[in-house]
Amino acid sequence: MQHYLYLIPALPLLGFLVLSMAGKRLSRNLIAGIGAGSICVSALIALITSASFLQSPPATGAYRQVLWHWFVTGHLSADVSLRMDALSLVFICIITFIGALIHIYSIAFMREDRDYARFFASMNLFVCAMLTLVMADNLVLMYLGWEGVGLCSYLLIGFWYETPANYRAANKAFVITRIGDTAMIIGLFLLFKELGTLYIPDILAKAPQQFSSGAHTITLIALLLLSGGIGKSAQLPLQTWLPDAMAGPSPVSALIHAATMVTAGVYLIARMHTLFELSPIAMQVTAIIGAVTLFIAGCSAMVQTDIKRILAYSTISQIGYMFLALGVGAWSAAIFHFFTHAFFKALLFLAAGAVIETLHHEHDIFKMGGLRKKMPVIFYTFTIGAAALAALPLVTAGFFSKDQILWYAWSANGGHPVLWALALMGAFITAFYSTRLILVVFWGEMKTTPGHLPGNAMTIPLVILAFFSVAVGWIEWPHNIMHVSLFSELVQQALPTTIMKGDLPHEIVFQFIAVVVSLLGIYTGYVLYYGQSELLMRWKQSDGLMNVRHFLYKGWKFDQLYDMLLVRPFMFITGINKSDVSDKLYTAIANANLYLNRIFSVSQNGSLRWYVTGVLIGILFIITLQLLL
Amino acid sequence: MSTLHAHTVLIVAAILFVLGLAGVLTRKNIIFMLLSIEIMLNAAGLAFVAAGSRWQQPDGQVMYLFILAMAAAEVSVALALVLQIQHQHKTLDVEELKELKD
Amino acid sequence: MSLVFYISSFIAILSTIMVITRYQPIHALLYLVVSFLALAVTFLSLGAPFAAALQVIVYAGAIVVLFIFVVMMLNLGKQTAQQEKEWLQLRAWLGPSILSLVLLAEMAVLLLQDDPTGMPAAVVTPKQVSLSLYGEYIIAVELVGFLLMTGIVGAAHIGKHKKKSLHRFLQTYPNLN
Amino acid sequence: MNELQLSALLPFIVLAMASVVVILLIAFRLSHTVIQVVGFLMMCLVVFATWYVRDTLPQEIPPLFIVDGQAAVFTGLIIFSVLVIGLFSYIYFEEREENPKEYYILLFLATLGAAILTISQHFISLFIGLELLSVSLYALIAYLRNRNNAVEAGMKYLVLAALSSAFLLFGMALIYMETGSMKFSGIAEQLKTVGSTPLFLMGLGTIIVAIGFKLALVPFHLWAADVYQGSPSPVTAFIATISKIGTFAMLLRFAQSIHLQQYPLAVTIFSVIAIASMVTGNILALQQRNLKRLLAYSSIAHFGYLLVAFLPGNDAGTEAAIFYLAAYSITLLSAFGVIILLSSRQHEAEELHTYDGLIWKRPIIATVLAISLLSLAGIPLTAGFLAKFFVLSTGVHQAVWLPLIVLVLSSVIGLYYYLRVINSLFSTTVSAEAIPKPVHPFFHISTYITLVIMAGLICWLGIFPSVTLQGIRTFLMLH
């Protein structure tokens, strides 16, 4: 099956090419057919390939396909080749499968949009770039995909570019992730300089021989790569772009800013796990960033009123869980959480998109309400998604993955009670805001009359996603309850097993605490938001609490902080510098070039005699040089 | 009567060559520029003939013959161009040919 | 033979100086003929009778005559001489001449750095030349034929005058439509 | 001359015959179309002949020629370029000149000259090849003698080319005087025994004048922009590609034979020339509003880059240089193809403002132009990027740092003006100008298709260069 590997990214690329070239001339049905069809076929191939991979895993642990040798010069050879091992298999399946569902959903969702072809072209290009990212077997190609998804994200956030806020959001996302990317490319150069190869298996094999554990160079490289991951995955301190990125259409938020692109950082760290294992400091940093992010973003999610911003903060928070898991060395748990999260978060975004669409582009949850009866399908699927997010025990996928992370946050080698405590608080918060979301949007009285209800093309993907949001959890049970661990067995072909601390309390205790905490969160939400709670009213009177709320609402005021710390001083410095050295330097370079241009242009005066003089000067120069040497 | 040295001949050739070059540089009339170029080519021919007789080989004279042929071909095209220039610009002043410039 | 060489090359240099300083094109051309003839004698003194003959026949006889034709065709007479006089001011020729002299001086220095080698007095006969020409260099001779063809075709095309010589924007094309 | 030697010369014989055949066709008063088609077929025959004789290579035809793999590669490149230029010429000359037929005689003769340069190993053949090229070019540049200052451009080129030929001859005479041989290998042998003398080095210096003139390197570059602008566009394309390929092939063989790079003086001169060319070319192009002049300046800079690959004087450098020339020729030909296609009888499409918003009017042509400009600028995934990359990597291996640094910095300046043109392609001011109906639909369409293929080639070379590199390597083995 590995001979067809190239088709998986090639089909979306083909779709992109056709749509961008001929998009204006095609009918809407054809555009939808090409746009969604290419991804669907690609998903089918991905599933078949995965099936064959699972049935008879290759001896080397990976399918590899060399498409062509780009060039060989000296000792640097660059191949364009694809790779599918257990880790990338998970990502490929998620990208193509969820991608396909989202594309089908988009057919109806974007039906009325003017730039139908542009939308599908960009989405196809995104899928292609994302697949390149996860299938690349050298870091050059991976970086190409990495930049590609960044570009598509930029294009799609600013999809409705007529509104200034939208392209401002796009710019913000681009610039902030660029900070991380720059650090990452420095890391890649450093890596190449040290190891002399960019071929991923070689790197993983060579690194332990080259570096001793905890060496400065490897720590630096790991931290630089981590910065790239932080930027792309919207972790502290580069998280501020993601809530604004919700300016894009809902399917975009579902695909790029929930299920796939934002987890590229997780993929990068998991892919480079050997480097991180060699650097305990980088691991600790990863874990701390994850834990703090999940808590901070969770708090912000509690108080948001825009339905998509709630989900955005929740995404940041859930990716925080993944980073935490990576940081403590629970590799398979991180990937498992990515796996379940992709389903239920995509589901939530798509369902939210349907709600917003039906309510005439209303984003504020407090202007919704009472939609339970009107939109039953949306209601049930949304509830399933929210339940998974809240980690409702045993029936939802979110429970299984989050439970693992909580357990490892304490018990894995890199774990620590503080990390566990933060994660636990996060779990409580998550359960709370999930409940709040459901109650406010679907219960209570109707505040906006719904318009045209979503059709089958939109609801069927929701139902499928809802099914998986429940079902995928069952392939990996906590091992003290039932011995089903299909997922970790698979992933551990590519990733190391988690090293545990010795002398641990019983796992069941932790599971019990986790269950209790999330149920408590749900109960709190129920108490505060079911009906008009007295308590909530009283809180709203209190200034202090409202200030706290405002602080959280603004995402812990990170934007303002950056504005104060970075933008203002920078503007200030540039303001001073306006007539000063560094500014002058650049204009001076430009002006010097233009000035030289003017001087040299004089030499082109059209006079033949001057041209002959030029020849004479040339020969004089040559002969004089000879006399001097 | 002293024997002739190779570099004596070469200096004569160099003088003729540089005189031709000076002619190209100083004259403004295209006819004179072309004449000066002929002088330069001839000087190079002299150097070749001298080299040929220094090594007692016919190659120098063969090359001289080819220089002659090339000069003839070049002059014929050049004079055709001179006719066109006189026809179009009504002058042979090279400084008038300045329409192509930056 | 070296005395012949010195005398003839002196004449050649002198008449060449005259060529590049004349105002009248015809005068310059006549001096050029003198210069070429003097060079022919130089060739003889260097033991190259074939080259000397060609110098007289082709250079002095054909190429200079071509120039004379054109000069007469364009009727470059007194008026041109007057113009040339105006153009050849001191500041017009001083700079280039100095540069050229510098070049000559540098070349002379380099040439004189070489060890002096004597020139054999023997003659390279026309027979030797023609044997070599039609022996090893036969392909070159054929290629020179192509070179002359290029000259002819090029000159024939460029020398042609169009019947009309309106400005190109105003030209009308009968074969339009 | 034996049979094998004769067969090795077969491509050149066919090339020479092509011009004679065209003369005969003119004598029989056959139409422009017939001449075009026959010329095309003759060039295909040359390609075929080159392919046919490849197994007998390398073959020396003493004393003048050596036909080896390197010559075959350069000849192939030259013939490829002339095929394309010949195709572009039809629509250009048919519209402008009542007498377009002699053009093909001159075109093929000039090509013959360039091809002779690639196989010469002797001063005589070198000189004749160069003059064949130059004399045909005088006539070609001034071919449209009543328009566009063609005569002025022709005269400028003629005077300077004749001047540089005089320098070349003088230098060759000095070297001959010193070494007693005009054959490259003979010179090299003599140099081994006597070492480099002042006379030899002076001869080398004066020869560099002629080479510098033909390749338009600083300070012998002053003619380039004027001649590029004044010539008919197909001829400009010819000067920019074939004439320079031939001259560079000649320089390369001369340098290989006498091991030019072992003389520090020569390396210094070439380094200075390379640096000056890169800087001057790019700076001159900065504010240029005329596309033909802009390409002239850019080609000055490009041959500066090429010299960086020439400086180390090793096999890797040769390989990089050949790849560079191939990428450069294809790119430049497609740019000129666009100019030719957009030019009409009244108006040469050379001013930048004629390209404003072209992408909205004629998207395919504009895309071709954009691709070729990107390739000239050296953007990844185009041929130009890899070409520059190979040049850089050979430079890095031989540690010629100063030219390398200048290369990188001046490329950045270069980016500015290429992107400016691309920018104007995308500018939104669309003048409502109807596309003129092509007068010669068949040739119009074939030009169009050729352009698209060339653009494809640029990308192909940028993405799959290994095939081409392998081919070049195989041919270079034959020596």
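Lettered A, B, C and D in written order, each chain numbered from 1.
One rule holds in what follows: contacts are C-beta pairs under 8 Å (C-beta built on N, C-alpha and C of every residue); 3 or more make two chains touch, one makes a residue touch a chain.
Just so we're on the same page, UniProt names per chain: A = NADH dehydrogenase subunit L; B = NADH-quinone oxidoreductase subunit K; C = NADH-quinone oxidoreductase subunit J; D = NADH-quinone oxidoreductase subunit N.
A quick note: this is a predicted structure, and the numbers were derived from the prediction, not measured.
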{"item": "By mean Cα position, the chain sitting nearest the middle", "value": "D"}
{"item": "Label of the chain whose CA centroid is most distant from the centroid of chain A (NADH dehydrogenase subunit L)", "value": "C"}
{"item": "Inter-chain centre distance, chain B versus chain C - centres from mean C-alpha coordinates, in Å", "value": "5"}
{"item": "Whole-Å separation of chain centres (CA-atom averages), chain A (NADH dehydrogenase subunit L) against chain C", "value": "77"}
{"item": "Intercentroid distance (Cα basis), chain B paired with chain A (NADH dehydrogenase subunit L), Å", "value": "73"}
{"item": "Distance between chain centroids, defined by C-alpha means - chain C, chain D (Å)", "value": "30"}
{"item": "Interface hub residues of chain D, defined as touching at least two other chains", "value": "124, 128, 131, 135, 138-139, 142, 145-146, 151, 154-156, 159, 163, 198-199, 201-202, 225-226, 284"}
{"item": "Residues of chain C touching at least two other chains", "value": "96, 99-100, 103, 107, 110-111, 114, 137, 140, 144, 147, 150-151, 154-156, 158, 165"}
{"item": "Sites on chain B at which at least two other chains make contact", "value": "6, 10, 20-21, 24-25, 28, 33-34, 45, 50, 52, 54, 57, 59-60, 62, 66, 70, 73-74, 77, 81, 84, 88, 94, 97, 99-102"}
{"item": "Chain contact topology (line, ring, star, complete or other)", "value": "complete"}
{"item": "Residue ranges of chain C touching chain B (in the complex, touch as defined)", "value": "1-3, 5, 9, 12-13, 16-17, 19-20, 25, 28-29, 32, 35-36, 39, 42-43, 46-48, 50-51, 54, 58-59, 62-63, 66-67, 70-71, 73-74, 76, 80, 83-84, 87-88, 92-93, 96-97, 99-101, 103-104, 107-108, 111-112, 114, 116-122, 124, 128-129, 131-133, 137, 140, 144, 147-148, 150-152, 154-156, 158-159, 161, 165"}
{"item": "Complex interface listing, chain B residues touching chain A (NADH dehydrogenase subunit L)", "value": "21, 24-25, 28, 33, 94-95, 97-102"}
{"item": "Touching residues on chain A (NADH dehydrogenase subunit L), where the partner in the complex is chain D", "value": "68-74, 76, 593-594, 596-598, 600-601, 603-604, 606, 608, 610-612, 614-615, 617-619, 621-623, 625-626, 629"}
{"item": "Touching residues (chain side chain D, partner chain C) in the complex", "value": "9, 16, 19, 23, 61-65, 98-99, 102, 105-106, 109-110, 112, 116, 124-125, 128-129, 131-132, 135-136, 138-139, 142-143, 145-148, 151, 154, 178, 197-199, 201-202, 345-346"}
{"item": "Chain D-touching residues of chain C, taken from the complex the two chains share", "value": "107, 110-111, 113-114, 136-137, 139-140, 143-144, 146-147, 149-151, 153-158, 160, 162, 165, 168-169, 173"}
